[in-house]
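First the structure, then my questions, so here it is.
Note that the chains take the letters A, B, C and D in the order they are written out, and that residue 1 is the start of every chain.
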Amino acid sequence: ALPLSLIAGPCQIESRDHAFECAHALKEITSRLGIGFVFKSSYDKANRTSGSGTRGVGLAAAVQIFADIGAELQVPLLTDVHECQHCAIVGEVVDILQIPAFLCRQTDLLIAAAETGRVVNVKKGQFLAPWDMRNVIAKVTGAGNPNVMATERGASFGYNTLVSDFRSLPIMAGFGAPVIFDATHSVQQPGGQGTSSGGQREFVSVLARAAVAVGVAGLFIETHPDPDNAPSDGPNMIALRDFEALIRNLMRYDQVTKSAPSLA
Amino acid sequence: ALPLSLIAGPCQIESRDHAFECAHALKEITSRLGIGFVFKSSYDKANRTSGSGTRGVGLAAAVQIFADIGAELQVPLLTDVHECQHCAIVGEVVDILQIPAFLCRQTDLLIAAAETGRVVNVKKGQFLAPWDMRNVIAKVTGAGNPNVMATERGASFGYNTLVSDFRSLPIMAGFGAPVIFDATHSVQQPGGQGTSSGGQREFVSVLARAAVAVGVAGLFIETHPDPDNAPSDGPNMIALRDFEALIRNLMRYDQVTKSAPSLA
Amino acid sequence: ALPLSLIAGPCQIESRDHAFECAHALKEITSRLGIGFVFKSSYDKANRTSGSGTRGVGLAAAVQIFADIGAELQVPLLTDVHECQHCAIVGEVVDILQIPAFLCRQTDLLIAAAETGRVVNVKKGQFLAPWDMRNVIAKVTGAGNPNVMATERGASFGYNTLVSDFRSLPIMAGFGAPVIFDATHSVQQPGGQGTSSGGQREFVSVLARAAVAVGVAGLFIETHPDPDNAPSDGPNMIALRDFEALIRNLMRYDQVTKSAPSLA
Amino acid sequence: ALPLSLIAGPCQIESRDHAFECAHALKEITSRLGIGFVFKSSYDKANRTSGSGTRGVGLAAAVQIFADIGAELQVPLLTDVHECQHCAIVGEVVDILQIPAFLCRQTDLLIAAAETGRVVNVKKGQFLAPWDMRNVIAKVTGAGNPNVMATERGASFGYNTLVSDFRSLPIMAGFGAPVIFDATHSVQQPGGQGTSSGGQREFVSVLARAAVAVGVAGLFIETHPDPDNAPSDGPNMIALRDFEALIRNLMRYDQVTKSAPSLA
């Protein structure tokens, strides 16, 4: 298996400067570590807990920012799409289109993303069994696009709580798609702060270690220069200054996993 | 409180004749029973478990059928919307726009539905706590539309299983919206048949009795002349021939509930 | 089916006077209502959240109190047993031995209770599927005692939370045992107050109505003259002064259920 | 932190010869690997799914077998206790008394085990939040015994299914007790085979890797020369012939974890 790669970035594009600053810092760190890196950021938080939550810079502004980051920093890009008609537009500038967990069964969105020819990363719904991702993946491949990845980001466990079931990683890998573990959304507490989601940042490294030991193609980690003041997902993002040490530690587990004869 | 009303119909519009047949039969039954009735059917099953599942007649055909049913049978109509740009079109012909459970946090869809001026019925996501519907309802009312209803249709409980938490009914009623209990989707077993969802039809009347005793504004019940051969949701729909006896029984509980001094 | 019966009383025997006062008040109310009544109280809270919680008067004192209440008030009695060797002793004075939910799979305890010849009421574990009560019931009947009842008291739903799955009532009834719904423990929040369990008293009547509408042989309701100052289960017990109105309302639903042709 | 230790053995003592054979084989393997080893076996399966399940050799026979294994093989021993009065007897011959998950809140059993002066290993109930183990541990330490360990063995997740929440490991470690991960019961499917529990042996190594990467004092692994024909827990035990390779692999992760500066 290939070494671990990273999908990382701030939850949302807060501004051109902010996005560039994050992408630049992450490129520097990941280059130093010799680990694959895809820059992630959202142009629109389309399903905030509350209607009053900040949504981001929007599609038009984001397209230009993504194009410039890609050209200038030479890093691959990922963003999430919520509307079918956004897929083709976004597909012009990013390398991976991501399907949000709540939307993982929306057939038209999966097909529209697939038809861009870009890689499609589908987050498993909090309401979905791992084995049901087989049908989800087939919606993408059935549209003629074999480049589909599956991301674990937690399953509903009572109210306002997620649990990470690590059996899902080998189960989804069995469908032939590279499997990603989303270490920062998996510690979300959905709706847990009344009008926004809470999170347990302290468990990001715990769950990420577990995932890498089980074996994943990549990790998805949201990070921010100042998470406590971020407009969304602050409670579960990790601080940019903690990023390198976290990844350095995780790479040690990945070396063990990828060098071992598989036992799972 | 007002007596119980019904939202009922086949899961999807299978054909013009089929829709008319169901709507006509249900109108006859509900008139005989003296109970409010809204005809429900879907024009597109946009999130089937598998991409190979039948999706329905589509928007254009459905709009004409809805218009004709409304005009000819004089019954109010409900259908579910999955795309923002469908809302205005559908809003021309139906009285209630329904937001599917998976999409209950998609801000733009809620606003587009709200802006039609029609009643908006939001199904609570399987991943959502009852109290988090306060924010969902506020997205609709915040768009200037006070006519919003909330529907309980089960919460994720392990994999491929839902559980109905009846505490959600008074909790959601506390937000000022009429509360509906969806008795047929609450017995779904999502993805439970591999490439389609299973269901436990035998528990529809059990959970419906519980809901009516707790107290609801209405029930949502999918029904079909031949559920075992229906293209979707067959395992959880009830047979049209069993509909009248079921409702007659439920109305007896509703009379007790609505005549009692509230204890909840 | 027979009309609804009640198992009711304070969570624990706080003193001889307290137990007599509660039993007397409940006998008066239930006689007035014409509803069957079994007095319930515990002699030992053997599994408190914290070791510092009050445990009750103990076995020896309780046996005398139970004997006296039974003789003086002429009411049947129920208490819960946690140790095999208590069964024979307790069986001398009470009519129903109850197996606590955590202990519902302890074979020896089930057999020891069965061998008293008294009725055995088994609470379904928070960790147990309804259909697994078939094996539990068979442990009692296999010991030669056909008089076994099954009680629903909530299923684990994430942490510190229970959910009532009303499908369990007809499922357990299908095993031939009278089914009881425990309306006060079903609203417990186990461990929810750090060193004791919390509760949602406001949902007792909600869930009880649901249970009676679904159909049960009886309800289990803990009640207390002053729940907010009770040594255990205060947050979920209902006040004695609210008991009669609650039951009066529930009896109306029971009449509907028991007079209807079964639909479940 | 100290290197990983193992608690391992067959689910139940099937016979003197069988127990000796397993203990001997495991001692040989663990000596070769240079890893700490405690031999585990049960003398009584006191809470089988069904009353017809095999329960084991019983207390009297087991005490002699344990005494002989300890003397002859010079390995520390662990067994589980279900009755208070067994504790003192068992405490004569084993080094660690284990409290079964269903019984983790039974105050008297915890105290009786504590009073033997032996180490007490408490399995966290499937119904218990990790933070509620603080009170459980305090029941043991409050009885004057500081030697208490906490074991994660899965949490209820819908019916007949467990999920391993790896956040529980650092949470329980925060209470000062060595934390064990039970890799074979965590893949149980309680009651999943109708009259016995099912299991997913294929996930033992997956979850064990995750646990060791997160960081544990030890692993609990049931193993058997012929699991498919074992009288209990066969579906989740691993074959003795696969044991060494499994542990060898897990030790590589443990070295990473124990050599790293803690990040959790």
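Some observations on this one:
Everything that follows uses one rule, which is that a residue touches a chain if its C-beta (ideal position, glycine included) is under 8 Å from a C-beta of that chain, and two chains touch if they have at least 3 such contacts.
Since this is a predicted model, take the numbers as computed values, not measurements.
Of the chain pairs A-B, B-D or B-C, the one whose interface repeats that of A-C, sharing more than half of its contact pairs by residue number, is B-D. If each chain is reduced to the centroid of its CA atoms, chain A and chain D end up 36 Å from each other.
One finds 33 Å separating the Cα centroids of chain C and chain D. Chain geometry summary: the mean Cα position of chain B and that of chain D are 48 Å apart. Residue positions of chain C touching 2 or more other chains, listed in rising order: 155, 157, 159. Taken chain by chain, the contacts link every pair, so each chain touches all the others.
Residue ranges on chain B touching chain C, taken from their complex, read 155, 157, 163-167, 169-170, 200, 202-203, 205-207, 209-214, 245-246, 249, 252-253, 256-257, 260, 263-264. Residue ranges on chain D touching chain C, taken from their complex, read 46-51, 55, 82-84, 102-103, 105-108, 110-111, 125-132, 135, 138-139, 142, 155-156, 159-160, 190-191, 195. In the complex of the two chains, the chain C residues touching chain A come out as 157-159, 161.
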